[in-house]
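First subunit A sits with subunit B, and in the next complex the same chain sits with subunit C.
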Partner chain A sequence: MSAIKSVDNLPNDGEKFDSSKVALVKGISLILGGGLTALFFILWLFLPGQMQQSMAYSWLFAVVFFMTLSIGGIFWTLLHHATNSGWGVVVRRLMETLGSLIPLYFILALPLLLPGPRDALWEWFEARQEMIQAGKDHSSPEHLEAAKAEWGQSVAAAEKKLAAVKAKKEKESATATATAGEKYNLEQQVIAAEGKLEVAKASEPTAEELASEGQLHANVGLYKKRGYLNEVFWYARYVGYFLVLGGIIYFLRSWSIKQDQTGDFRYFRWMRRGSCGFLPLFAASWTFVVVDWLMALDYTWFSTMWGVYLFAGSALNSMAILIAALTWLRSRGFLKDVVSMEHYHIMGKLMFSFVVFWAYIAFSQFFLIWYANITEETKFYLTRNTAYWNAYAIGFLVIGHFFLPFAGMLLRRVKTVPYVLTGIALWNLCMHVLDIYWIIIPERGPSLTQGKEMVIPGAIYFDILAFVAVGGLTVFLFLSRLAKASLYPCQDPRLEESLNLVN
Partner chain B sequence: MKRAFAYVAEFDSAAAIYHAAEQVRDAGYKKWDVHTPYPVHGMDHAMGLGKSWLSGVVLCGGLTGFCTALFLQFFTQVDLYPTVVQGKPTNLNTVPAFFPVTFELTILFSAFAVLFGLLAFVMLPRWNHPLFGSKKFARFSDDGFILVIEARDAKFQEADTKEFLLSTGASGVELVEEEF
Partner chain C sequence: MATETTTLRGGVKAAELEGIKRESLVLNKRSMQWITDRICGIVENRQPFIWWILFLPSVVLAGCLMFTLVYLVSTGVGVWGNNQPVAWGWAIVNFVFWIGIGHAGTLISAILFLTRQRWRTSVNRSAEAMTLFAVVCAGIYPGFHVGRFWMVWFLAPIPNANAIWQNFKSPLLWDVFAVSTYFTVSVIFWYIGLIPDLATLRDRSKAGLRKALYGIFALGWRGGNRQWRHYEMGYLLLAALSTPLVLSVHSVVSFDFATSVVPGWHTTIFPPYFVAGAIFGGFAMVLTLMLPVRKLYGLEDMFTGKHIDNMAKIILLTGTIVGYAYIMELFISYYGANKFEADAFYLRIVNGPYTWAYYCMFFCNVISPQIFWFEKARKNLWVVFIVANFVNAGMWFERFVIIPTTLARDFLPGQWGYYSPTWVEILMFCGTFGLFLSLFLLFIRFLPVIAIAEVKGVLPEADPHYPEWTALRKKRGLQPDGPEVETSHH
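Up next is the complex of A and B:
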């Protein structure tokens, strides 16, 4: 153990991020991000119908992948505060900055809300229109007329029945031979017939009832989910998610920066208390984001592990990008005095644990669906076992995403050598790109060709184009935001503990 | 018959024993240990301890469990007596059905390997230990910081070692003997 490091030896206002040292990377990412985004949207407007629809999937893939990085940034910040951690104070600003990119994805995902791409991605919008149309057809004036006529007949029949029972009662009571029991039975029959008439009169058919009946018969699954899967609520949720997620990271980051400037420990307590309350909000928002955007790509399919699956991937993903970003920043001369091998070791351990956690969740989801073999549930994996997607899943996800990094990170030495760990982190990032790709893209072919084709030819180039475009914008914004404040929280009360971290 | 077993040296603080440990390490002693009331961060480094080989034992235990589970399930349910459950095939494609047991057995065998490997490494269980006879040593579970150099160390000399321990800042040194 080297000598104790003291915060007294560090500059009072922390370490400024000098953008000019990374001007080249920043410039390239802006040109790539801005230029390719513009190119993508121009092509989107002018390409023929099917390719236009398939580009919606490309854009969703790119936006969701980079959004998982930001979501992971929010998660690690929250976890850091909620568990009162001391180890990661020196890298916490990177997590906050990563999380604060979330408004970018609000803007980038906006085009997907337009009816064209929206209906191409999420079939339930069109299915819902068809369902509503079926309801309208069923409640048309002719149908209503016929239903009313039928109702009139049933009322008449009930009246007739009541009259008959009453007549029988009159006749029986006139004869002296009727016993008390027989009289009682007749009395009861009259009461029952009166009741039936009341019910028949009350059930006069209305247009609303007929419409609901028509919708139910047209699409029972969507009708039962109409409280959740409807346009108004869907758009409201979209705004709500970003308000919650953006709000959480806005408060945490701005308190953290205010603490840098004022040195007031009050913010430290706010961040800690706030995070405990923010965590459930964060979990609920992200779960429903992926339910709305990814699970709803096929609205008839569902998995109760979906939110956790995407969360596990996001946390892994963003720990990997944090390690990679840290190494890159250090190679440019930043954070040299504050970050040590011990921090890498802990981040390596967290990345390792989330490789295992991701695999555990991904396998459990597959295993339960595969074993139970229920038609509604298996369709997700059936699509992804067709054509080359089967080899893709085994090769990239089972072996590449779990077995190789698991075996590679078992040794302790691996996690304490930054360049080796960064290599593994980059590998994990690539694998997670392929994971998100595997979640979204297999849905595209069958969805756009009504099940005729698995793959849209040439669409993969637009996937790559969208990925580079969103990636460029993400890198540019990340570097710009990094320059806004000190690279580490320089007035945090636990900074010294973090500096002298020992595993 | 009695013979020297070890020197027990007491220190007043964690910092004192930390620096003493560095000196003992640098003097080249091998058979020695430090006992403190609470974990002292960085002590393994100050003592010059290398990496424990326990992880290797655990890896072997885990691999044994992994292979045992896969072999038992494949041999009995695919090879010996093909068992069709839920219409699932009895060939390599059955492997996901075997994962839960494989996972559990890997963990079970790893846990056994940790427990028994650790017991073997520290030579437990045993009836008694000569250090238990020392009043000074017993204080490590209260407020004492204790450093022990055993007589079986090649560098151990009754007179020299005592002087050396005192020179590292020990507040008291006691010779513990064992019967044989």
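Up next is the complex of A and C:
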């Protein structure tokens, strides 16, 4: 049994990340990231229309994948504080740094807001324009005139009818043989005719009504969603998401760093309290990010599980990248004194639990849609069971994303050997890449070719290009941000607890 | 000794460090002997008068349950109020209600055990017992809903002379498997956990029937090193087996609804939403039972404010998750642009026969737990008790909202109806509470209500590094942790 580790033996200002030790990696990532991003957009400018559109999917795929890692970083930081956790103090700075990359994705996703890529990805924009146009056509002056004429006729008809009924009443009631019942009946007929006339008079068609009617007939599904799926709200949400997500991690990270410098307990309390309050905001933002960006790739499809599904994958894979980053940093001589095999063990367990959670959510979503077999829901899986996507899903998502890592991580030994665990973490990361790819890319062929083709030939090279470009920028920014503060929160009051973690 | 202004590393004040210290799970520095005496004392001494005051009416209510069951079997399921279109009435509402409550036990035991949440030790035993009794109550409903109770063995996949085979495509059949597996594993898990404590009770009993019975059930436990090694490995493996079971049972219960194409039932978030709801309702029931028990038997030093605080936080979390699911359902009923889905939710929240039930549910499950954002509310036992009971009611309403609300407004307006329970259903539901409480009170009477051996494991001196920590704290001028010399025994 080893002796306990006291914080007194650690330097007061923690451990600096000397980025000169990783200058090569940093340089390569900058060149790859910056260069390939530039190349991607230059190519985008010069390539023909369909390839441009298909590159929008590539870019979305790359941005979303790396953003899920950052989202996971925010989540683990929040969870750490909200649960008053002690184990993760020594790796918390890595989580914070990962989370703090979120503004990068705000910037990188901006090109997708341009009308070209935007309409290629989210068909509802075009469909909405068509719908609005249909509304305009339907409410054009001629249509309005015709409708008004029709309305005039119906009013006239109602007036005529009323007059006829009244005349009949007068005539009949004048005859001596009319019974009380007949008179009552006639009276009622008059009342009914008067009512119909009033209704007819009140329903004078307006241009707005006609426009709505035209829109409804043009695209009933989209018309019903117009309160949510419209340009203004969509752009506002885009800004809102990043304000919320970026704000959360900005506060948590800056408080954490301030605590390093001052040792002030206030920040510890702020981080705890703040995190509890931030959690619902985080959940709401991320849920609607994935609704807007991924679910709306096919605006007719929907699933209540969607937010949870993307969350599960993000948390899992951000834990995987944390494990991989930790091993790499330790191999470069960092964090040697504070991180122990116990931390690997606990991170391995969390990664394992999220492998299972992801599979649980993914399976439940698939299973319920498959079992109920309702047309508008099965669409999603039908596309993804067509052509090679079926083998892809079974091979990578069912076996690769669940069964193999599940079996691989069951043994305790595996989780305490850093290189083995890192291997599994990297495997999980690859599977997550393929998961995000599977979510986005199968939409591409059918969307861009009006359902004629599943695959756009050659587009996969741009997927890889975009992935490497965004990945390079991510790595570069991560390493730069890491050098801004101590590698672990050196004044955290739970640091000693974390050092002496026992599973 | 420490002074408030002692400055530690990095300018940290000693007093501040004390302020965030992990709270002790056993208060007042109780000794191991005290823990054994206090818990075994409940079983060994006469029960307080109030135990009888609670027990006798519970038994009478349980008798009412028996009566209604006999009446049901001898007359037919027509004595229940469910009929077309609401073919599933209180029977399934109450089944899901009780099954949900039956989740906290194994959750606390298994998941909190795997995640090394040491505070579980004071709660797990009673929560597990509660789980078993709740599952017993739940099991009654599907059993009797089949109408001909003597044919209930048809539920098991036993081929018979008439070649009746079960429909393996039906989630209702999976339910039978899931619940019976869960019950079996939960019983084993609970019993394995009881063995060391049963041996303690045996060793403290005088010769006689009591000693013989505890002796038999303690399976010859002597507390040797080898026994502990095997015991702990077995317990860990059972915890690992139970964890997926906790999730699977309520997921399968949710499939009963979600695999259908019925508006308001078919939604993909149902499995995790049901699991979160079950944990939510289960914790509320544990609090409802254990707040009086800890007061009555003087267990406040082991079942502390910290335990209640944690459970209140879990209720807040799971209640908010359930709220997320409610809101996602509403959002997708709008976003999905499906007329029937939208109508189902319109009937739930705007103008339908059971709109009142939706708001009862929403208030009890989502709004009322929000008070637990405030520490003061979590520390006030009355507030905790009242909110826990709101949650109990709210989780019942949730199932009620899901089931009759949807069925009462079928696709064909000509089939619309309104469901209300008959006296038989009401009496039967009250009867299950009688059965549940009777069993729980008998459990308190005959078995250790807190896991004695496990609570000893979370005492500060159980930490192998305890002397080192004490020395370090002393060096820093902080109050050393640890037991004081016992001055009096209760």
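General remarks:
We adopt the following convention: the second predicted complex is superposed on the first by the 503 of 503 C-alpha atoms of A that agree within 3 Å, B and C clash if a C-alpha of one lies under 4 Å from a C-alpha of the other, contacts with A are read in each partner's own complex, and residues count from 1 in each chain.
Criterion: a residue touches a chain if its C-beta (ideal position, glycine included) is under 8 Å from a C-beta of that chain, and two chains touch if they have at least 3 such contacts.
Everything numeric in this text was worked out from a predicted model, so none of it was measured.
On the shared subunit subunit A, the superposed partners subunit B and subunit C overlap sterically. Look at A:Q491: by the touch rule set out above, it reaches subunit C but stays clear of subunit B. Legend: residue contacts after superposition of the two complexes on their common chain; A:A407 is shown touching neither subunit B nor subunit C. When the shared chain is aligned, subunit C comes close enough to touch A:F302, but subunit B does not. Touch criterion not met for A:L24: it reaches neither subunit B nor subunit C.
In the superposed pair of complexes, A:Y371 makes contact with subunit B and with subunit C alike. Residue by residue along subunit A, subunit B and subunit C are tallied for touches, and C comes out ahead. When the two complexes are superposed on chain A, the residues of subunit A that touch both subunit B and subunit C are 1, 367, 371, 373.
For subunit A in complex with subunit C, the touching residues are 1, 3-4, 6-8, 12, 86, 220-222, 224-225, 227-228, 262-265, 268, 276, 280, 283, 287, 291, 300, 302-308, 356, 360-361, 364-365, 367-369, 371-374, 376, 490-491, 493-494, 497, 500, 503. Residues 9-13, 16-17, 19-20, 22, 116, 244, 247, 251, 255, 258-261, 266-272, 320, 324-325, 328-329, 331-332, 334-338, 342, 373, 464-465, 468-469, 472 of subunit C are the ones touching subunit A in the complex.
For subunit B in complex with subunit A, the touching residues are 41-42, 45-46, 51, 55, 59, 86-88, 96-97, 99-100.
Subunit A makes touch with subunit B in their complex at residues 1, 363, 366-367, 370-371, 373, 410, 412, 502.
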